[in-house]
Amino acid sequence: MDTWHEECGVFGIYGSEEAAHLTYLGLYALQHRGQESTGIVSSTGDGLHLEVGMGLVADVFTEERLKRLPGHLAIGHNRYSTSGSSLLKNAQPFVVDYAEGSLALAHNGNLVNAVEIRRALERQGSIFRSTTDSEVIVHLIARSQAPTLTGRVIEALSQVKGAYSLLLMSRDQLIGVRDPHGFRPLVLGQHNGALILASETCALDLIGATYLRDVAPGEMVVLDRNGIESLFPFASSRHAYCIFEFIYFARPDSYIYGKNVYPIRKALGRQLAREAPVEADVVIPVPDSGVPAALGYAEESQIPFELGLIRNHYVHRTFIEPQKAIRHFGVRVKLNASRECIQGRRVIIVDDSIVRGTTAQKIVAMVRNAGAREIHMRISSPPITHPCFYGIDTPHQEDLLAATHTLEESRAFLQVDSLAYLSLEGLKKTVCPESDTRYCVACFTGDYPAEFPHLHSPQLALFGKE
Amino acid sequence: MDTWHEECGVFGIYGSEEAAHLTYLGLYALQHRGQESTGIVSSTGDGLHLEVGMGLVADVFTEERLKRLPGHLAIGHNRYSTSGSSLLKNAQPFVVDYAEGSLALAHNGNLVNAVEIRRALERQGSIFRSTTDSEVIVHLIARSQAPTLTGRVIEALSQVKGAYSLLLMSRDQLIGVRDPHGFRPLVLGQHNGALILASETCALDLIGATYLRDVAPGEMVVLDRNGIESLFPFASSRHAYCIFEFIYFARPDSYIYGKNVYPIRKALGRQLAREAPVEADVVIPVPDSGVPAALGYAEESQIPFELGLIRNHYVHRTFIEPQKAIRHFGVRVKLNASRECIQGRRVIIVDDSIVRGTTAQKIVAMVRNAGAREIHMRISSPPITHPCFYGIDTPHQEDLLAATHTLEESRAFLQVDSLAYLSLEGLKKTVCPESDTRYCVACFTGDYPAEFPHLHSPQLALFGKE
Amino acid sequence: MDTWHEECGVFGIYGSEEAAHLTYLGLYALQHRGQESTGIVSSTGDGLHLEVGMGLVADVFTEERLKRLPGHLAIGHNRYSTSGSSLLKNAQPFVVDYAEGSLALAHNGNLVNAVEIRRALERQGSIFRSTTDSEVIVHLIARSQAPTLTGRVIEALSQVKGAYSLLLMSRDQLIGVRDPHGFRPLVLGQHNGALILASETCALDLIGATYLRDVAPGEMVVLDRNGIESLFPFASSRHAYCIFEFIYFARPDSYIYGKNVYPIRKALGRQLAREAPVEADVVIPVPDSGVPAALGYAEESQIPFELGLIRNHYVHRTFIEPQKAIRHFGVRVKLNASRECIQGRRVIIVDDSIVRGTTAQKIVAMVRNAGAREIHMRISSPPITHPCFYGIDTPHQEDLLAATHTLEESRAFLQVDSLAYLSLEGLKKTVCPESDTRYCVACFTGDYPAEFPHLHSPQLALFGKE
Amino acid sequence: MDTWHEECGVFGIYGSEEAAHLTYLGLYALQHRGQESTGIVSSTGDGLHLEVGMGLVADVFTEERLKRLPGHLAIGHNRYSTSGSSLLKNAQPFVVDYAEGSLALAHNGNLVNAVEIRRALERQGSIFRSTTDSEVIVHLIARSQAPTLTGRVIEALSQVKGAYSLLLMSRDQLIGVRDPHGFRPLVLGQHNGALILASETCALDLIGATYLRDVAPGEMVVLDRNGIESLFPFASSRHAYCIFEFIYFARPDSYIYGKNVYPIRKALGRQLAREAPVEADVVIPVPDSGVPAALGYAEESQIPFELGLIRNHYVHRTFIEPQKAIRHFGVRVKLNASRECIQGRRVIIVDDSIVRGTTAQKIVAMVRNAGAREIHMRISSPPITHPCFYGIDTPHQEDLLAATHTLEESRAFLQVDSLAYLSLEGLKKTVCPESDTRYCVACFTGDYPAEFPHLHSPQLALFGKE
C-alpha cells in the first residue's frame, strides 16, 4: 500500500540495569511503526534523563547517547513520518516537571476530543509547546489534585476520548494504559525479572523476553518495586481493536490481540481468491506488505506465485530526484518489474490496501510496461472510504480513492482490467472466525466507535496547522 | 578574568523583509554574551517559525535554516555556556501556544522569585519543560485574563522580581521590556525603516543601524505597524545598572547605558595606577579582557606596556587534553608567555577581575616560569565577595576567592609579590563621575537592590539541578 | 547466505547533460554490489571533478555535492564493505594526473598478478597510495608510450591477468573493458542519446534506459563524440562468467549475461527439490536471497511455502549490541522466526549458499527454538570449497565450511536433520541448459580459469595488510 | 594585513608514547600557519596510520581519531586555506607505499622547479593524485636507487630548487630537512626524552618542550633509535630567511631564527615612527597583527595608543552575508570602530603590511565614518611589489597594490591623508642590527634568491588550475 502511516510504537521496561539499552532494542524492532523521530527517557530513581532526535533509532542513538541514559526504568517512542509537522518539538517521549516531580509520556493513538480540552486548558492559562494531542494528557495529569500518580492519571484519562496505548513514567513507576475501546495494541512481557510494555510482540522477541499477555482494553498496569498492579478504573466501552494492524501495520511476526499476523494475512489472500477469482497466469505481490496475501491468493487459486516486482533494499528518504532526464520518476526508485515473469502474461497484482491510489497507478503502469497482457488488481482489504481518527495518519476523505470513485471508476483510474477488494464480511470472518465484533472497521464503514465532537473539522488537521 | 559568564544576548527586529537574517547578524555581534545555544523565531504574520541549536551562531545557522525563517519580524537569543544544564530544552527563544495564539520569548537576566512562582504555578497544575526561570514568565502571560498582549505582559511582569531585559513576540508585535531596576542593558535602534532591540550597540553597528536610545528601566516598548509605543506600567524602583558590564561583559566598542565601554575600561586602569602604584619594569595585560585597563595603567604609571602574554586565537571548546605527557596543562592552551618581555623584569599583571582565582594562579605561574623577577597583580575592579542573582552565572560564595581569603591570603594563594584591587570608590567615580548612585555593585558589597525570598537557597541552584 | 561480498558496481555515461545525476541513480540501483564507499567523477571537457565518500550512495551524495559534478560525461563506483581495509584512500573512482592529462578509473574485479606488477613498478620507483589492485592499472597506462588513450589502455591491460570490468574516463572519452575471460558482467545501454555502461541492467531500468547488449569478453568499447567504437585487442581466452551472479550477487530483476536472474534462481530451487527431496510440512526461505529458490523448491515439491523468517527492514550497520542482558545476540537483529509457521512442523530451510556456516547455524537454532520438529537445510548451490580470486571477497579456504567438513560433519555443525546442496551438474544445466561451458565454477571445484603466480599466497591477503 | 596566507605548519616527534597526541597539540599551536586542512601520520614500527581532514585541528581530531593513531613516532601538517584548490586530495601529510615500504611527508614551502620535474616524471609514466608540488618529492625519493632512506632523500632533494622545511617519516625514522637557503623556519626541541621538529617554538612551549636549536639551512637531521644524526649533504647557498615571518606570519611569542618575534615587531613600529612621523592625536592598530608595531609607534612618537578598532573574537569562515539590507558588508563582521577614540581626532592607523589594499581601504572608510578628522596610514614593512615563490600564497603581481600604484596613487586609493611604509633599510637594520644579509626580501625588491625557470608562468598558478 502507499501512503498510510501508523502514529507510533512504544516500549517501556521496569527493573533492568540495562533499561535504556533494552528500550533501544525494543524501539529498533518497532521501527516500522514510526521513522520520523525517536526518543528514550530513563530514570535512576532520582531524576529523568532524556535523549531524543529526528530519524531512525540506529541513527539517533549512539553509544555515547545510550550512556547518558542510566537507570533501571525507561520508556521509548518511535514517531511516524509525515512532511508537514515533522518537528523535534513534537518528538516523544515528552518530559515535564510539575508539582509532584517529573513525568515522561509516550503515546500511541489519537484523542478525539483533544482540541476541545486544549482550548479549555488554554482558556485557563495553559501553554503548549507542541502540536500533538499527547501534550493535553500531561496537562490534565498536572492539574489533577489526586494524591497519587495513579489517581492523577485516572482523573486525567477520564476526561479524554479516543485511542491511547500510553506509557507514563515517574522516577520510580512505569504505568501502561490502554483505552477502554482498545484501539491500539499493547502487550506485557518479562525478561530476566524485568517487566516490559510494548506495542508489538516482535519487540519482546528481539530481546529474548517472554510474552505474558495483552494489556486489556481499559486496563491500567502499574509497574514498580511492588510488581504489577492491575486496575480497571474506567467505564467499560465497546471493544474496537484496530483491524488494520492485521492488514498492514504490524510486523508479520508479531502477535496482535493474541493472534499471529502472518497467517492471518495469508488467509486474507486465500479468502480474496475465493471471493474474487480471475483467470490468469501469475500472481505478483507488491512487496513487501502484499507478499503474504499474494502467497495465500496463489495457494488458493493454484496460480503460480512470482516475485515479479523487485524491491531496492536501500531505499532512502533523502533521495535526490533527477531534474530533466527522467519525468515521473515515481515508484521506480523502490521497485522494478521483472520482465521475464510478466511479459505476455495475464497478471494478478495483490496488495494489502489502496489509500490514494497514486502509487498503485504507478505500479500498474510499470507492470504494463513490462509487457503484461492483462492486469487484475486484487486488494486484501475492503475499500477505505473513511479517515481514521484513532491514531493512523490517513489523508482527508476527499483524497481516499474509494471514497470518491466507484469500483468501476477506481478500475479505470488504476488502468487495470479488473479490480476487486476483499469483502468486509470476508475480512471479519478471516480475522475473527469466532464471529467476534470486537474490531474497529470504521475506515471501511464510517461507523466510528468513539464519538467525537466535530466530525467535519477533525482534530488532526487543526493540530497539523501551525 | 576566568569563569564568569553572562546569561545571554537578545536581538529583535520589526519591519524588515530580512528580519531573520538581520537577527542572525545581531546575534553574531552578541556572541560574546552567550556561546551555549542560539535561536531565532520569525513571523510571517500568520505563524511563528523557530530554529534553535546548541553552539555558536555561525555553526547553528546555515543558509538553509535561515530560509526556514521567513517574515518581517524576528527575535533571537544567545545563551551562555556552563557544563551542567547545557541542554537544548533550555535554549531560547521559547515558543508556546496559548489561548490567544503563539508567543515567543527571549530573556536576558534572572528572576529572584522564580522558584516561588514556579511552585505556586505547579500547585495550580502547570507543567514545565525547562529548568530556566524564563518559562515562568510565559506561564504568567498565558494565565492573565487581560484583553491585550500588552496587558497580559504587564500583569505577568508585575508578579516577578529581579532582572529582565526581555523580548516578546506575537505574530504581529514585538515587545521589549527592561525591569524597573534596569539591571541589564537594552537598546533601541533603527535601520532602513525597521525598528531594533538589542542587548548592546555593537549589534546595531554590525548591520549599519542607528542607535536611537536605551530602553529605560521599567519601560515597555511595543513595536508594531503603528510604530513605537512607550509605556511605564510598573512602580518605579531604585535604578541598579549592572556595573560589571563596564568591567568585563560588554564588548569594548559597545555603548552601555549611553557610555562607550572601552574608554571607561582604560580609565579604570588609570585609576588603579593612581590607587595602587608599584615600582616595576613592565605592565602586562591578561588578554583580551585585561588589555584596556592595562593600557590605562601603563599610561598613568609611565611604565612600558607589553603584550607579554600571547593568546592563541583558535581556542576551541572541545580541546582533547593529553593523558600522561603533560600534567596541569591548564591555561597554556590559551596563553603563552613571551619570555623576552618578562625575563629578569619586575612585572605588573593587569586583569579586569578575579572570581575563583584558579586561572590567575596559573597565569602567575606561567609568568614566573618565564623569568619574572617580581610579579605584582593589579585588578581593575574591587574584590568580588558576593554572588550575583541578576543574570550572571557566578559560583557559590564559598568559591569566590575574595569571599574566603583576606587580601594577604589571596596574595599568598596567587603567589604574587603584591596584589591590589581597584577601590569601590575608584570604580564608582570612574564609571559615573557625576557621582551617580544608579549602579548595582552587589557583587562587591552584598547590598542587593532587589530583595529575594531565600538568600541562602538561591534559585539558580534550584533550577540548575534536575 | 552469510558473509560473501562482491567487490563492486560500476556505472558510466557519455553524452547527457545530467551525467553525474544519472550516475548517482545508477549507483543507487547498484547499491547491493558495494556499501562501503561510493564516488563519482564527471568531466566538463576541460577538467575532471571528483566526489567520493564512505557509506551509502544516498548518504554520501547531497544535492550540493551533485552540483559540484558538472559535465556530460561521468563514471561512478560502489565499493564493498569489509572491516579491515575500509578506508577512504581505497575508494574509487581513482583520479590521477599523468603526462597526457587526467584519468579516472572504476574497477570491478580482481587482478591475479597485481602483486607481481606492483613490485616491479615499485622497483622502478612508482609510488602507491592505496592498497587496491586497481591502482596498478593506472600506473601501467601512465607508463605506456602509446600515442592514444586507447593504445595506452590496451598496452596496460595486456600485462594484467584476472578479472576486470573496467571503466576509464579522460576529459572527453569513456572507455569500458571486460577481461577476455569475462569474469564479471558489464552491459551497454542507451538513454535519450546518451550511452551507458553498467554492471547490471537494473541500473538501466531505474533511469529508463534501454539495454543494448553485453560488453563481450575481451571487448573494449570507446564512447566519445564519434559514438561507439568496439575493439577486441586481446588474445581470446576461455570464457569464465562468474556463475555466482546467478546464485547470489546480482539483483533478481537484472539480466546477467543476457539472462534474467530471478527465474534462474527459482529454477535452481526446483532442481534442488528434484535432486534432494525430503518429506516435510513447510518450505521456509532465508530472506531475502533465499526466497526465489525456496519458491522453486516449494513449487516442485508441492510442499507449502511460508515466510517463516521475518526480516527487519531497518537493519543498520552501526547497531549497538547489548552488554549483559542478552548473550549471543547474533542474527536476531535481522531475522525473527514466525512461530506459527514452524511450531511442531517438519521444516525445510532453503538458502542460496553457505560460506562459513556460522550464520546458518544461528538461523537453525532460531528455527529450532520456534518449535520445529525436524529441520532440513537445502542449499541452491554446490558446496563452496575454494576461495575466489576474481573479485569476490571470500574468506580463506580454512574458513569455508565445505572445505573443511564432510557433508555429514557440516550437517552436524549446523545441527540439522538433513543437509543437501545442489549438484554442480544441476547448477550448470539449470543456468545453461544449452550445456555451455562458459562459466567459472572455481569456487566449487578449484579449477581456476586464469592461472596466477602464487596460489598459496593470494594477493588479496597481501594487499589487505597495511 | 589582508589576504596573505602562509602555506603551512609542520610538527614531528620521535620517541613518545603519546606521539600523535603531542603532534595534535603542536598543530594546535601552529593553527595560525594553516586552517584549510590538517593531518597526522603515526607509526607503531610496523605500519603507518593516517588521519586527515578539512578544517581546524580541534574540529578534525576527535578522541576517537587520535586513538586510531598509535605509536611512538608521528608527523603532522596544517595547510593554508584558499578558495580554489581547497581539496582533501591536497591535504598533507601524504602517505605512499613504494619499493622500500611506506613513507609520509609534510612540507612547508614551495619548489620553484616543481613543474619541470613533474613534467619529466609524467613523461616517464608517473601519476599524480594532487596538485601540490610536494608530491614531486615523494616520486623522486621512490625513484632513487640509493640503499638507505637518508640516501634516497638526499638524492631526491638534490634535484629540487626552492623552499622546503620538510618532515619525512618511515616506520622507524623521522627526518627533517631545511633547504640550503633556509627560506622557512624549522626548530628542534626535546620533551621527556622525545625529539621534536616544528615550524615555530610556540609549538614547543605548548607541550612544555625545550628548544634545542634551529635546524640549519641545508641541514638534514635524522631522528631514530640512535638519537640525532646531523648531515649537510647539499651544496651550500646564500642564506635567505623569509623576513616576513617577523612582519606577519609567526606567532608573536615564537622565536624565529633564534629571535623573539614580538619585540622585533614592536621595534619595527618604533623605527616606523622615526622614519615617518606625523602630528596626530591617537595611534590605532589594525588588530591583531598590527598591535605590536602600533605599540612601538606610539611609544616612540609619544602619541597615545588606543584600541580604536575592536575585533569580534568569533569570526567564522562560513558567515552568511545578508542579501539586500546591507551592501558592502565587508570588514565589518570582523572589526568595529570605537567612535569615542576616533571622533574629531587625527588618527594614525598602523598595520603590518598591505597586499591588495582592499581591506585597508574598508578599514579607512570605517574609521572615517567614526568621525576621524585626519587619517594617516603607517605600515611597518616596505611596499610589497613582487609575489613570493617560496611558500607564501601571494596574489599575482598585478593585484599587489604597491606593484601597480605609486605611493601617491596608493594614498589616493586608500583615501588617507598620508601614507608611509617602513623603509627596507629600516626593516633590515631592525631585524638584523648586526647588518646581516641572510634574509630574503624578494617580495619588496624582486631580487629572488633561488632562480627558477619561468618567472612569468609561476608554478603556483599551474598547479592551482585543475
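Letters A, B, C and D mark the chains as written, and numbering starts fresh at 1 in each.
We adopt the following convention: a residue touches a chain if its C-beta (ideal position, glycine included) is under 8 Å from a C-beta of that chain, and two chains touch if they have at least 3 such contacts.
Because the structure is predicted, anything quoted here is derived from the model rather than measured.
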By label order, what chains touch chain C and chain D together?
-> none
Give, as an integer number of Å, the spacing between the C-alpha centres of chain B and chain A.
-> 48
Just give me the whole-number Å value for how far the CA centre of chain A lies from that of chain C.
-> 37
List the centre-to-centre spacing of chain A and chain D in whole Å, with centres computed as mean CA coordinates.
-> 61
Contacts with two or more other chains occur in chain C at residues none
Considering only which chains touch which, how would you classify the arrangement: line, ring, star, complete or other?
-> ring
Chains that touch, pairwise = A-B, A-C, B-D, C-D
For the complex, which residues does chain B have touching chain D?
-> 16-18, 21-22, 24-25, 28-29, 31-32, 35, 56-59, 61-63, 66, 191-192, 202, 205-208, 251-253, 260, 262-263, 266, 288, 291-292, 295, 299, 304-307, 310, 312-314, 316, 318-320, 322-326, 332-333, 336-341
Interface with chain A, chain B side, in the complex: residues 47-48, 50, 89, 94-99, 103, 119, 122-129, 131, 138-139, 142-144, 466
